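First chain A sits with chain B, and in the next complex the same chain sits with chain C.
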Partner chain A sequence: MASVTLRRLSKVYDGGVQALHHLDLEVRDGELLVLLGPSGSGKTTILRCIAGLEEVTTGEVVIGERVVTNEPPAARDVAMVFQSPALYPHLTVRDNIAFPLELRGVARTQITRRVLEAATRLHLERVLERRPGQISEGERQRAALGRAMVRGPQLFLLDEPLSRLDAQLRIELRGELLALHRALGATMIYVTHDQTEAMTMGQRIAVLHEGRLRQTGTPEEVYQRPADVHVARFIGTPGMNVLQGKGRGTGEKADGGRVIEAGSLAIPIELTTYEGELQVGIRPEYVGLCAVDKGVGNADVLVVEPLGSETLIHLNAGGQPLVARVPGFADVRVGTQVGVKVDRRRLYLFDSAGAPLG
Partner chain B sequence: MSALAPRAWAAGAAGAAAIAAALTLGVVRVAQRHYERAFAFRIAHTTAAYIATVTPPPPPPPPPPAPPRSRTRGRRVPAPLPAAPPPTSPARSYDLPSLLTQAHALETLPGWSSNVEVYSGTAPLVAATAAALSPDELSNLAATGGHWRDGTALVPLTDRDGQDVVGAVAVQPRSMPHGPLPGGFGFSFPAAVIAVAAASVIAFRQHSLRRGGYVGAALLLAVASYVDVRAAARQSTDRWLFDTRRLLQEAAKRLPPPRARNPIPDLAGIVRDGDIVAGEPGESAARRVRVDGERRAVVAVLIGPQRWIELRSAPAEIEAPRWLIGLLPAALLGPFAIIGLRWAERTPVRRRRETAIAWGFLAPATVHLVLFTAGPALYALYLATLANFPALARDPLTWNAFLNSATYALYVPVSIGLALAAAVAIHRYRAHWSGRLLRAAFLLPYVASVVAVALLWQAIYRAGSLGLGRADWLSNPRTALAALMLMSLWVHAGGQMLVFLAGLQSIPQSCFDAARVDGASAWQTFRRVTLPMLRPVTWLVSLTGVLGALQMFTLVAVLTQGGPFPLHATDVAVHRIYRTAVGAQAWGMTSALALILAVILLLFRWPQLQVLRREARRA
Partner chain C sequence: MRKTLLVGAAIVMIAPFLYMVSVSFMGESELLRWPPPLFPTSPTTANYAAAIAALPFNRVLLNTAVLAGCVMIGQVLTSAAAGYAFVRLKFPGRDGTFRLMTLALILPTIFLVIPRYLMIEALGWIDTFPGLISTELVSVWGILFMRHAFLMQPRDIEDAARLDGAGEWTLFWQVTLPLARPAVTALAVLAFMDQWRNFLWPLMVTRSARMEVAEVALARLHGDYAANVPYQMAAAVLVSLPLFLVCLIASRSVMAGVRFTGADARL
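This part shows the complex of A and B:
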């Protein structure tokens, strides 16, 4: 097995689009790292650079102890699973899985054994003689996994392998993937734009935004201590509320009581150092509703989304969108005005550029 | 509204039936008019010929005054030039009093079924007070050979030699009952009434259409109409026979004695589109007989004491079936419309509209297919009688042509290999300038005019065959076909490359990526991923290429015309077909050859269709 290190990795495509900006990343041996980011953030580019499918513009790719920046894909001993299964339609599932072994000239008996092994682990025994066109989408993705694992590579690169599956199948395969990771003990880099998937799968999550690595950490870390406003917004369902505000003193209290005015809200806060434009973040679960004029301000109810165990209430607070998550069913009507309360201990403050304050 | 309301559909069905019946009756009426006019023109021409035969020339005119002597400058002309003859020689024209007599005699001819007028120049002779022809009309007649005016056939009356128009004959057929039913009705009118009634009853009483009652009524209408049209055709022939018989009898009486002894040549001159032979006594009715295997309408004519002749004519009714082309669709329009309405009644609006739109799009292609593909193909089948095939098999040129075509088609595998290699290279470097350059280089010959390419290569071969030996390959029988193959290779590799390129671009990039990550070399990727995934495209290109090669014509037509001769070294199948048609004008042979080629092409087409079908299933 192997660790992966990216050093000052940059990628500029023909035509001048810079997909990656001086990216440093360390994936530990045997770790399952999730690369998370919205589409266009450069996740797939990182994978392709590690696999050797894209040429690196500047920087280094290190797999294990070896600098492989200029090595061809075949020399890197990595396996990749693509968003589309990329199975060869003219080959049976068995031949698809056997393909990498045949390329390497592995003995036939050994191929048979290893293909069967992989197929058994992935529950593909029954469809081995079928063509990709004759099996289900989930089986296809499993077959692609089988093709990746059959030759026991030191590193797995998984490029949104579950995004084309329906929700039920996705949850099922997600579990299987985790089990597989534990069983193989292989290093895996898993790309997804689905932050639920990232939270449930990753030992560590690397959050990308616009070709830059914003934060690396455990799911709890990226949720609780977002490195910047992009991470804060992206992690969580729904993501963190970010209000554009202004800090100022009220002059009411002797200790220099201050508020942040954001839209129709005036949130009292102890803040001594910052004056002027800032962004205040608060997760929906720390936003509550109360009677009009009883909270930090009033807001109009735009949309109510009852989800059963909880209800999402979309509010308009003086022109700024705000989502509240309340338990159970909430008795609010669209178009009415409500009071808003916030948990002042759970506020995140960012400067106007998005960097955390304090 | 999801479907047509019952009353609306019933009214529509009855209306459609009425329109179909009216159309059918219209076709019948057109056919009847057609035959009436045909008769009028025919009898008018016969009458003009009759007048030319029986009317004597005018008495010789007084001698013209001597022409003035012409003096010429310089030398004297030894003899005076003869005077130019007048436009119409008097001996060729007619004696006006006799003409007048003949014209009046025609009017009182017993048993004639038409009114007749004879014009001398522009002046009417029978009814002297009738309107004269305009001079323009008379000169038009000479050009057109006759025209229809106000229910009258007007044909030119030429002089005795048939040279100049000296007058006209007008025939106005008296209307005769067309049909055998009382009041002159034919069968078609009652049949039309029945058809409309049947449709209305079925529609308004909601009877099932499955019983086919209305279709039966419509077919009855078609049959009845055809019977009427055929009767009209028959009547037009019979009328002409009877009226011409009267003219022949008159003519026999009026011929001058020396010619009356053997009148048949003179009488035959009157009847230009029929035959006159010596005959037996017979009944007065017209009969249909077979003469030398052809159907003829005949009447016996008594032209003197115990002297009978037989007047024969092609019966118009043998051509009558062509009216079915109009009658059947017109009559069946009703059932089709009703079936369509029935379908519309049960079908939701949206599907109805979509189907209508689909047929709208299909209509031009369908018409084209029927007119220009199915029609000619059936005609070729009809032309190619079985006797032509053994004759073709005995002709060494046939074998030579098909062998040449087969040999020529051997360039296809070579060009496919070349095209595939080029496509892979271009696909790999598609973003690079070198790839684009290669693509343009391959495509240029393909998009250029074949004729221009052919002439270019002709120049190359003439200039020394690419430096490979001096001889002009095209004029050497051993190399001519190979020279054409080389040219085709150069032209068609581009098109095939384009298809392969499209095929390559349809392979998901991830398949290539997966192969690379799995450690496949470039050759392994090509051999084990690219080639198998291109297999349907390769099939398509191969079959299309072979089919195209077997149909090659342009290069041969432009460059060698099948030569060098006498070996016919480049005489390929299509060129042989062309030579047989245009050179030998042997249409039966041509059709037979074309059929053989078509069968061969179909044999190749079959697997191609299979491949396409498999692809369609897989997609």
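This part shows the complex of A and C:
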């Protein structure tokens, strides 16, 4: 197993699109790191650069102790699982899994043994003689995993391997992947745009936005202490509410302290040093509803989504969207006006560029 | 409405073929009646016996099979290799070469026949199999066809193979080419049929009866027995029979290949 280090990695595609901007990232030996970001944020490009499928424009890729920036994919000893299973459709599952071993000239008897081992671990024994077209989507993705693990690579790259599966299967395979990670002790880099998947799987999460690494940390860190407004918006289902506002007031008690005016809300804050444009973030669970004029302002109810254990209420606060998450079923009707209250201890303040304040 | 049109078109296309078969069983004088009969009144196989003797059937069939078979294999190999190179390999002048090559499609075959003939003559290959076959081994259309088939292949599979340790050669033989099997089959069948019906080039480059291929033999028969239509029809049925069989066996895979289902090969 091996660590992975990316140093000042940049990638500019032929058309001039810069997919990655001077990216630094360290993945520890044996770690499962999740690369999380919306589509087009450069996650897949990072994987492809590590794998050697994409040429790096500037910067370095280091796997273990070795600089592999200019090595061909086969020499890097990494395995990758793609969004599509990418199995060889003309070969049986057994031959698909055996393929990398055969190319490496491993002895027949050893191939048979190792293929069977991988197949047993992934519950594929029954479908070994079938072709990819004759097995289920879940089995195909397992077979792709088998092909990746059979040669015991130093590093696994997983590019949204579960995104094409249905919800039930996804949860099942997610568990199996975690078990596999524990059993093999392998270094894994897992790409996803699904932040639930990131939170449940990653030992650490690296959040990307527009080709830049915004934050790297444990799931708790990126949720509790987002490094900027992009991370704040992206992590959580739904993500953090971010209101555009303006700081106002003299800071004197008589004046009611400082206030942020955002849409129809006026939220008192304790920040004393900031005047002018800013952004205020608050997670949906810390937004509550109350009677009109009893909270920090009023808002119109746009959509009510009852989910059983909780209800999401989408509001319009003077032109600014706001989501409240309340437990159980909420007695609010679309089109009515409600009062909004916020937990002031749970506010996040960002400057107009999105960097955290205070 | 659409069905009626299709049935109509099918009848228009198949009727001459059926009539050819029908006439081939008629006596020589039967066709002289007016209106000409649709079916033979007393079917005879004598035309076939005579045609086989006159062709000579075995030799002509063998020559045509050698020509069509060699060209089929040659065109599949050159088209697949060149198509792959144009899609997947990076080399200087690639796109320029490709454009230049597609321009060759604009030229009518007849333009190329004379320079080709001069080359084959200079090589001393007139009236030999190398002369007959060598000029047909590369098909620009075939290269375009295979290039397109490779373009439609999912990139992930190729990437997976590279990571699995496959070099360019392994990738081509063990992954890309098997994946393009529908297209390869279609190209093979079309090349075979095309060469089976090749007339102009064999006519120019062969001289002796020993080297005669199907179409050329038919043309000679037409010259020799212009008045005896049933006789010519019997010969025509004989030489198109192998083609007919190939069509029957391969039509499905040709359709699959031409529709490029190779591209959505089930994963």
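Simple rule for what comes next: the second predicted complex is superposed on the first by the 352 of 358 C-alpha atoms of A that agree within 3 Å, B and C clash if a C-alpha of one lies under 4 Å from a C-alpha of the other, contacts with A are read in each partner's own complex, and residues count from 1 in each chain.
In the analysis below, a residue touches a chain if its C-beta (ideal position, glycine included) is under 8 Å from a C-beta of that chain, and two chains touch if they have at least 3 such contacts.
All values derive from a computational prediction rather than experimental measurement.
Trainee: Mind checking chain B and chain C on superposed chain A, clash or fit?
Mentor: clash
Trainee: Applying the document's definition of touch, where does A:79 land relative to chain B and chain C: first, second, both, or neither?
Mentor: The answer is both, since A:79 touches chain B and chain C.
Trainee: For A:14 in the superposed arrangement: first (chain B), second (chain C), both or neither?
Mentor: first
Trainee: Of the partners chain B and chain C, which touch A:51 in the superposed model: first, second, both, neither?
Mentor: In the superposition, A:51 contacts both chain B and chain C.
Trainee: Now for A:4: first (chain B), second (chain C), both, or neither, which partner does it touch?
Mentor: neither
Trainee: For A:132, is the partner it touches chain B (first), chain C (second), both, or none of the two (neither)?
Mentor: second
Trainee: Per the contact definition in the header, classify A:322: touching chain B only (first), chain C only (second), both, or neither.
Mentor: neither
Trainee: Could you look at A:140 and tell me whether it touches chain B, chain C, both or neither (first, second, both, neither)?
Mentor: After superposing on A, A:140 lies in contact with chain C but is clear of chain B.
Trainee: Tell me which region of chain B runs into chain C after superposition, given the options 61-69, 169-177, 241-249 or 439-447.
Mentor: That would be 439-447, the one stretch with clashes.
Trainee: Once the two structures are fitted together, what part of chain A is touched by chain B and by chain C alike?
Mentor: Comparing the two interfaces on chain A, one with chain B and one with chain C, the shared residues are 48, 51-53, 72-74, 78-80, 82-84, 86, 88-90, 99-100, 103-104, 133, 144, 147, 151.
Trainee: Which residues of chain A touch chain B in their complex?
Mentor: So the residues of chain A in touch with chain B come to 14, 48, 51-53, 72-74, 78-80, 82-84, 86, 88-91, 99-100, 103-104, 133, 144, 147, 151.
Trainee: If we count contacts the way the header does, which residues on chain A are in touch with chain C in the complex?
Mentor: 48, 51-53, 72-74, 78-80, 82-90, 99-100, 103-104, 132-133, 140, 144, 147, 151
Trainee: Looking at the complex, which residues from chain B come into contact with chain A?
Mentor: Residues 431, 508, 510-511, 513-521, 524, 528-529, 532-533, 535, 618 of chain B touch chain A in their complex.
Trainee: Note which residues of chain C are touching chain A in the complex, please.
Mentor: Going by the criterion above, the answer is residues 154, 156-157, 159-167, 170, 175, 178-179, 181, 265-267.
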